[in-house]
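Read through the structure below, which is laid out as structure tokens, and then see the notes.
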Amino acid sequence: MSDDDTLRRAVLRANLDTVRHGLVVSTFGNASGIDRATGRILIKPSGVPYDQLTADAMVACDIQGRVLDNRLRPSSDLATHAVLYRAFPGIGAVIHTHSTFATIMAQARRPIPCLGTTHADYFYGTIPVTRDLTPEEIAQDYVLMTGEVIAETFAGIDPLTIPAVLVAGHGPFVWGRTPDEAVHNALILEEVARMSWHCMALSSEPKPISQELLDRHYLRKHGADATYGQAGA
Amino acid sequence: MSDDDTLRRAVLRANLDTVRHGLVVSTFGNASGIDRATGRILIKPSGVPYDQLTADAMVACDIQGRVLDNRLRPSSDLATHAVLYRAFPGIGAVIHTHSTFATIMAQARRPIPCLGTTHADYFYGTIPVTRDLTPEEIAQDYVLMTGEVIAETFAGIDPLTIPAVLVAGHGPFVWGRTPDEAVHNALILEEVARMSWHCMALSSEPKPISQELLDRHYLRKHGADATYGQAGA
Amino acid sequence: MSDDDTLRRAVLRANLDTVRHGLVVSTFGNASGIDRATGRILIKPSGVPYDQLTADAMVACDIQGRVLDNRLRPSSDLATHAVLYRAFPGIGAVIHTHSTFATIMAQARRPIPCLGTTHADYFYGTIPVTRDLTPEEIAQDYVLMTGEVIAETFAGIDPLTIPAVLVAGHGPFVWGRTPDEAVHNALILEEVARMSWHCMALSSEPKPISQELLDRHYLRKHGADATYGQAGA
Amino acid sequence: MSDDDTLRRAVLRANLDTVRHGLVVSTFGNASGIDRATGRILIKPSGVPYDQLTADAMVACDIQGRVLDNRLRPSSDLATHAVLYRAFPGIGAVIHTHSTFATIMAQARRPIPCLGTTHADYFYGTIPVTRDLTPEEIAQDYVLMTGEVIAETFAGIDPLTIPAVLVAGHGPFVWGRTPDEAVHNALILEEVARMSWHCMALSSEPKPISQELLDRHYLRKHGADATYGQAGA
């Protein structure tokens, strides 16, 4: 199987898995992946019912967000994905969902602090909310500016250590090294958002865990000294 | 297949889909459709178990809410549907559900502000709550007056731009150009109501998105400049 | 089939339906029915896994709560059921569940006001919470006194118009003319409790619907002038 | 079947049941059991997908937490389990889950008071939250110290009467005499946590049930005078 076929299948699977995990309402969601060797992005086509998606239907684009084939229109969020691939060279996949609690936190403009070890296992600190786009940014090139405001939010943050953002008044974008990892991050984000919402409803400023506990958990699963899982696995 | 048969099937499907999507408890719900060419309404019969509904069981009525055949009684909410068809000439289908969060907002008499782009993709602004019916209106002709108070609530609003209402102390009525579209709107309404409730529980007056963002999203999916979906689809 | 067999099957079905509808956690729940002609109660045996329940396993008792056969122990809540059959002559079935929101309201000692028409279709006013049992009542005959405090709570109320109660710090008891009706009431109670909790979380004293609207809905489904459902059905 | 095989199967079943009951997100969870005759612990291997787990894959360790075979790495939480087996001689199984509401309460550092009889049937009083670990404890031997802080929390409490704890900022550990009992306790803990959260959201200091009612329920199911279930069962 060619690299392109492998990535097509991974991107298809990511799109279907977001539905299977209940992270998407209706057709509100899209996943893409990039082949860093060639710079080709593959992304879900726009408005096609999930039960009719095939690997072959994924739309090929370049990293500037220009469509490379003309069979189907790409997701209307393509320009956001393309900005993220340009701004975050370490990522290999991007997913946009409307999962319930992550979207609630995005609508409420509440960053998700690290309240527990579930969060610390995947996100190395607070998951941020973008600022609102200005009327000019919305008028000018809304989808592209959505990507730019995400990149702006991550100034000084390694996006692979906090692989998600809440776009104010909109919903989450999540990424990872591969489409499978991005789906997994989207699933954990939703659970972390759900727990965070419930903690905030009991106490408006819940207490984050200590930096030491965050370090202990995050570094157990990431980096050179990881001790989790089977050796070599 | 005749137009009547096509509409019968679409109305049956809408009734079954509201159950399948969990928008209805027990038999609390009803969907109807209208053939604008003939003015015939087809509506769910009253109190028939969902697993025994057939296309043929849908009850035919005229736009004044008079039953045109005598086999089964129509839904007890028929008069409300008929008012909506008379007041809103652009709509082709009406659904009444008791979906959990939309009903909660109707009971709490809280209009649903546009807090995010999920809402903006489908509803062009706040989803309103009707005023309470007066004791006289309840005594006089309750079901008809429920329709009248909805029509009153939409004075000056194009009902196709905000295809749902919360009837105070009761629950949602939703509409669309077709039965399938009305079901889809009912499903989105429930998700939007769920997210809105959760935002209000964190902050009693959550901040709506800007008019510019509302315009950008609503107009992306509706009207002449829509850019979403496949060309010609 | 004898009357006893018919009732055995109905009581079995009620026990299984409470599980199927998610109203019971583990084996926390029990349903019974009574044959008013003979005064025989049939009730779920104690602690038998639901997937091993048969109609034949239902335990026969008299209305004083004395077991009439010795094969299996009756539900440990038998004495509560028996008090209700003696105190409320119009009822034919009793169900005890631990459904989530009804139990939450019982734990929070919050009566469920009539906030909407879903409630009004089934319960003619506020669903009450019992007072706490005294230490003496708990020591003396706890299960029987649970029934007595329910009966005390309904002094002056027709139990068929409000077919449920929340026992303080414990959970709901629900009844009806038949086991099927009692299951249906338990299902509606849970939905009504869920919606009521959510209204109370937004506003600690949510506004009930008017007496006129309560009358209109309750009397539409109950009594001589009922207009809901198919004639003769 | 040898005792080891029987325990292997019980531990496998406990690991799978926590997933089946929705108590675990992703691979966040682990169950173990101990053979008190030999002091051998069997525990889930680390990071193996649940659908690939077999009885044979359970890792054997001694009560000091030393691995007795080298095929697979044990759960990274092994040292916590081993401390609990040493500190609580009456327990035969330990489960760590990330079930949603128990984890929320652990993150919010809210002990779960006995608000109702569901709680009283299984937990003889408040389910405690541990204190936070100090930076030194986290740096020194985090997993072991997690067990030590649980043991410290239970000073003066019989762990079999309150078979669960919330580790601050982390999540629940639950135990029992057998793996099946521990799973059952984990399931009840989640339901009790869910109800407690909802009571606290309505009223920040909900009222516990009386000591007499707690005694009545707890002692009905536990100890020499238990009256629940079938005789001899």
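Annotations
Which chain is which? They are A, B, C and D, in the order written, and residues in each are numbered from 1.
Convention: a contact is a pair of C-beta atoms (placed from the backbone, for glycine too) under 8 Å apart; a residue touches a chain by one contact, two chains touch by 3 or more.
Predicted model only: the values in this text are computed from it and were never measured.
Number of steps on the shortest path from chain B to chain C, with steps defined by chain touch: 1. Of all residue numbers seen at the chain A-chain D contact, under half occur in both copies; the interface is built from largely non-matching residues.
If you average the CA atoms of chain A and of chain C, the two centres end up 47 Å from each other.
Separating the centre of chain A from that of chain B, both taken as means of CA atoms, is a distance of 33 Å. Looking at chain D, residues 201 sit in touch with two or more other chains. Under the stated contact rule, the graph of chain-to-chain touches is a ring, a single cycle where every chain has exactly two partners. Taken pair by pair, the chains that touch are A-B, A-D, B-C, C-D.
Those residues of chain A lying in contact with chain D across their complex are 115-118, 121, 184, 187-188, 191, 194-195, 198-199, 201-203, 206-207, 209-210, 212-213, 216, 220, 227-231, 233. Across the complex, chain A meets chain B through its residues 25-26, 28, 45-48, 72-73, 76, 98, 100-101, 103-104, 106-110, 132-133, 135, 138-139, 142, 169-171, 197, 200-201, 204.
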